[in-house]
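Scrolling down, you'll hit the structures one after another.
Each of the next two complexes has chain A plus one other chain: chain B in the first, chain C in the second.
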Partner chain A sequence: MYTPSPNFSWGKVGMGARGASRAAGACPMNTNVGIVIVSHSPDVAKGAADMVRQMVGDDVPLAWCGGAPGGGLGTSVEAIMAAIDRAWSEAGVAILVDLGGAETNSEMAIEMLPDERRDRVVICNAPVVEGAVMAGTEASAGSSLEHVRRTAEELRAA
Partner chain B sequence: MSETAQSSVVIEHEVGLHARPSVKLTQLAKSFRSRIEISTAAEGPWIDAKSIVKVMGSKTPKGALLHVRAEGEDAETAVQAIVALVERDFETA
Partner chain C sequence: MDQTTLKQLIVAVAESVIAHAEELTTLDQAIGDGDHGLNMKRGFEAVLAEVDKTSALPPSDALKAAGMALVMKVGGASGPLYGTLFMGLGKAWPATVDQAGLADAFTAAIDAVKARGKSEPGMKTMLDVLVPLAAELRNGADLAQLRATATAAADATVPMKAIRGRASFLGERSVGHMDPGARSSSLILHAIADVLEEQHVA
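Take a look at the complex of A and B:
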């Protein structure tokens, strides 16, 4: 069972004041689907987020999280929920995950979201780095959440 | 009012149509309403310029002649914009 810890590891990339992220609609960027990157490694998550920022630009809400609550490799439901919050967009949020626990913890994080947000968050079945860049590119053009997810997952079929 | 347009341009970017140039080309293509396709040969195969997966997957190398065609209300503007992007080596205008 997941136990929340005050020491969970999370980060964000170039998103402005984190406390101001509730002002959905005030920022035009929030009309594009947001991207959340979840890895067991904070370095991987941050690096993937850096790639999205540098390659795709600033038009996509973006957040990442990685690392176990007590340090070391792992993921945390609480950190994932916080990342979803930072990348929140009325258009929804697409999550990219790396391995096993990242996916199950992301599913748990989605389940714990408020009712009005739960149906607007999806996990993409795609490689974390490549999927994040593909999803980010699609999102930057104002595409729907479903379209963003399909673009990330199209990689597997290619 | 539908129009069609077509042009071609040589890719001079050092790495060709790889990751970062692909993202820029796709983003630009998506800003137009027309259907836009690219190909490395006049006879095709043509790929959807708005599909990041297909554009990046094309692995178009430096020196390739990129054909661009569009169909729709802003086809002419779209083709010109994409050719201009390639000509300025994918630097943002």
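Take a look at the complex of A and C:
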């Protein structure tokens, strides 16, 4: 089973998310569903996460990642797995993705999680920014993972 | 398969993809997001960096390791897709390496790619090259026939309308361009054939 190497370098990509999810580490947040934002662009991912954080404060475990392994636009399975870990909640984690590769790499990351976590992570079929805000708001109310996902995905019909 | 051949195959495939990165990117700029060449280059550079370690493994484990390197390093959808292909081949690698056994393993790996990409042949993807190749392999085709099939199958994606992947956003406008994933699959087959033909001559 794959585990991220301890010396894996985040460069400038992931530190913000790590800081953001740790900033609220003092209060127990693992009862609400966690949110992970995955974009090809670290700027988009961080911006969406900032919006969610402003909406829901520290009530929701939140992490983001963006950029290909080694830099440039893209997504990284290793970074997605690490983001899921940072946003981990016993209630599960909802992932918001932007374009195709982000979805495929997120599916791959979920498959590589330990057995006990794999079934508690879902990808929301929703626009990344709006979906993240809706999912985060729903998660902050203590809703179940399935409910969080449905709320994000209701945006599709709008 | 001996380890020298295994190493030659890995190196040849990686070098071919890396050498054609610009062409793949140009194809992808026409109908995708223009990152296929760059992503595949990054992935196969990672495969190449580990080739001494990888080629010392039994073929099934070597294929799984190469696939995992692609999954972790490519950065786009082609990472999980090609990674799944190679890992699937490794998983299904036959105890006795003959053409029927290889065809079975290849078919199992392609099924995994179909599931990963939620795709089928006819949607203007790498499957439009892989699936005909598996059929030819099962029919007992030789290397020359496999080469011809790969080239023709990649060419046949030109008039197709994309149904999966980024190119599907373009709808009708995807018609008239070769699918970059079909092209990279064809390149890989030709690189494999280069090595095996050289061995037959030697």
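Going forward, the second predicted complex is superposed on the first by the 131 of 158 C-alpha atoms of A that agree within 3 Å, B and C clash if a C-alpha of one lies under 4 Å from a C-alpha of the other, contacts with A are read in each partner's own complex, and residues count from 1 in each chain.
Everything below uses one rule, namely that a contact is a pair of C-beta atoms (placed from the backbone, for glycine too) under 8 Å apart; a residue touches a chain by one contact, two chains touch by 3 or more.
Note that the structure is a prediction, hence the values are computed from the model and not measured.
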item	value
Clash or fit, chain B versus chain C on superposed chain A	fit
Partner chain in contact with A:55 - chain B first, chain C second, else both or neither	first
Partner touching more residues of chain A, whether chain B or chain C	C
Partner chain(s) touched by A:73 [first = chain B, second = chain C, both, neither]	second
Angular separation of chain B and chain C about chain A, which is computed from CA centres of the superposed model and rounded to the nearest 10 °	140
First, second, both or neither for A:125, with chain B first and chain C second	neither
Which of chain B and chain C A:100 touches, first, second, both or neither	second
Partner chain in contact with A:108 - chain B first, chain C second, else both or neither	second
First (chain B), second (chain C), both or neither touched by A:41	neither
Nearest Cα pair across chain B and chain C, whole Å	26
Touching both chain B and chain C, residues of chain A	none
Residue numbers on chain A that touch chain B, as the complex places them	54-57, 133-134, 137-138, 140-143, 151, 154-155, 158
Residues of chain B touching chain A in the complex	19-20, 23, 26-27, 30-31, 50-54, 56-57
List of chain A residues in touch with chain C within their complex	2, 67-70, 72-78, 99-101, 103-105, 107-108
Chain C to chain A touching residues, read off their complex	33, 35, 38-39, 42, 68, 71-81, 83, 116-117, 165-166
